[in-house]
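Sending over a structure as structure tokens; questions will come in a sec.
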């Protein structure tokens, strides 16, 4: 009962984070800020959803599998983001900085 | 609710397909194709086809992306846009689509239990699998035992395709390399200078191999079997090749050994069939292998799936090595 | 409601048409292989759409098989399972041929290779 | 609540596709692809539990492992392409000067 409530709450917050992060990916101005937004869905949102699912299963093989999935995603997603940011920076994608914008808006 | 999930993913599939074809940058198009295959696999899963989704996951998102990237780095990553005659193809395509559309109006709706497909053959398989073969995964039972002939043909086709790739790429181009060997070494070096990627990637390789073994040998009880396991093994080797450079993966998995392994897989499959014949039964009738038919079926399926896994692994690794080690000219 | 049940078939036709269009119109050989892949996936979707049974589940027994349990049709799944792996093998054969064409002609565009063939 | 989470994942998948279509640069598309892979894992896990077949979670496990390889292949391709272009430019510059 309590577990069910906790799992529901976790799923709800996780889902909220996933959607918010996805909106961030659409709304943010440049690549690096978008990456920042997407990492919310990939770590915190993913973890909350996975733990929420895990709590519904009790002790079984499914629990272990969900745990393993969460661990692997936690390993790979940030590393992939890092590699992507690194490659983008090396190949010359410049972050958009605030003062540049100011200069643009100033005549 | 699941119907809605299905609709949503299908609509996304259509959007992604258009995006794939429209984008003139081939590199972007192959990425779209990867997303397309991910969506397709989730859709297969929603339609209750877990084994197919597993295979599509291993093949589509991993192996296919790797191979397309390898091919693109050897050809060109931009498509030249030419305004040719487009009217005729569009008319032909539209007519084909219209004919098929009219044909679907007679189709049974999705999930109709009374559809003609569900009336014949399939109920027999579902009913008799526990009795004759006694393994939980009906798909594996049909794949390896009831329709073992089909699968043998498919394995031989895969083997032939692997041989084809090797022989096509065995020709050396007439033009000399326009890039010095030193630069060439740089190009196929892989991602060695990314320490973080190497550490995390190497952590994944044994896990992937272990998971492949699970899929291979547990495929009678859960989704899996030789085809998906082979793709997973090959994906592990490709990961090694990407991280450490394709020359090292070719050294670890030499082409000569791979081609022998692929042939060995086919031989195991056909050998089991011939052994059944020598023991006085029909070709691929595993009941000949042991006195208790259920145990005989169990071991027959185990060996045949092993042959399938071996061939698929070896052929995919062979193709990867051949493409990734090709020098750019 | 009856028409909505045909949505899967419509998407399959759409994918088929898109794939066919790419194969016909695009001159780039690699792009054609991608189009062929989409075409192929359309056929997979057709088969897998047929296997669904309402109220059924994936064709894997859990525990003792019981009476009246509904399963999806396993036969199309077997056909497509093997076809996917054959598909990637054949696609890579096509890619290998595209690589060879690029090495000999210096281009993977159909128009270029045609022109060079006519000249020689 | 499972269904709601599934819907949220679907919405974020659609938004990732939108980013891929809009994405001005190549890396925005790589980002969309990477994000899409994670979302697929979540969707498959949720659907497996919605169907009441937790034994199908193997699939999600396969995705979690395989998706990484696709992203790495893309990154390696971009890196090699950039290296090749730099080499070509250097060679051309050398050719002009000599």
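A few remarks follow.
All chains are identified by letter, namely A, B, C and D, in their written order; residue positions are counted from 1 within each chain.
Quick note on the criterion: contacts are C-beta pairs under 8 Å (C-beta built on N, C-alpha and C of every residue); 3 or more make two chains touch, one makes a residue touch a chain.
Protein names from UniProt, one per chain: A = Sodium:proton antiporter; B = Cation:proton antiporter; C = Na+/H+ antiporter subunit C.
Treat the numbers as computed from the prediction; the structure is a model and nothing was measured.
Pairs A-B and C-D differ in how many C-beta pairs touch across them, and the larger number is found at A-B. Spacing of subunit A (Sodium:proton antiporter) relative to subunit B (Cation:proton antiporter), judged by their CA centroids, is 30 angstrom. Rounded to whole angstrom, the centroid-to-centroid distance between subunit C (Na+/H+ antiporter subunit C) and subunit D, based on C-alpha atoms, equals 21 Å. For the pair subunit A (Sodium:proton antiporter) and subunit C (Na+/H+ antiporter subunit C), the distance between mean C-alpha positions equals 32 Å.
If each chain is reduced to the centroid of its CA atoms, subunit A (Sodium:proton antiporter) and subunit D end up 13 Å from each other.
For subunit B (Cation:proton antiporter), residues touching at least two other chains, in rising order: 50, 70, 72, 191, 197, 204, 207, 222-223, 228. Taken residue by residue, subunit A (Sodium:proton antiporter) touches two or more other chains at 72, 76, 79, 83, whereas all remaining positions touch fewer.
Across the assembly, subunit D contributes residues 30, 32, 51, 53, 55-56, 58, 61, 65, 67-68, 72, 75, 78-79 that each touch 2 or more other chains.
Here the touching chains pair up as A-B, A-D, B-C, B-D, C-D. Against subunit D, the residues of subunit C (Na+/H+ antiporter subunit C) that register as touching in their complex are 57-58, 60, 62. Residues 2, 4-11, 13-22, 24-31, 34-35, 37-38, 41, 44-45, 48-62, 65, 70-93, 95-100, 102-104, 107-109, 111 of subunit C (Na+/H+ antiporter subunit C) are the ones touching subunit B (Cation:proton antiporter) in the complex. Remark: subunit B (Cation:proton antiporter) residues 6-7, 10-11, 13-14, 17-18, 20-21, 26, 29-30, 33, 36-37, 40, 43-44, 47-52, 55-56, 59-60, 63-64, 67-68, 70-72, 74-76, 79-80, 82, 84, 86, 89-90, 92-94, 96-97, 100-101, 104-105, 107, 109-113, 115, 117-118, 121-122, 125-126, 129-130, 136-139, 142-143, 147, 150-151, 154, 157-158, 161-162, 164-165, 168-169, 171, 173-175, 221-223, 225, 227-228, 230-231, 312, 315-316, 319, 322-323, 326, 329 touch subunit C (Na+/H+ antiporter subunit C) in the complex.
For subunit A (Sodium:proton antiporter) in complex with subunit B (Cation:proton antiporter), the touching residues are 72, 75-76, 79, 82-83, 86. Against subunit A (Sodium:proton antiporter), in their complex, subunit B (Cation:proton antiporter) makes its touches with residues 191, 194, 196-197, 200, 203-204, 207.
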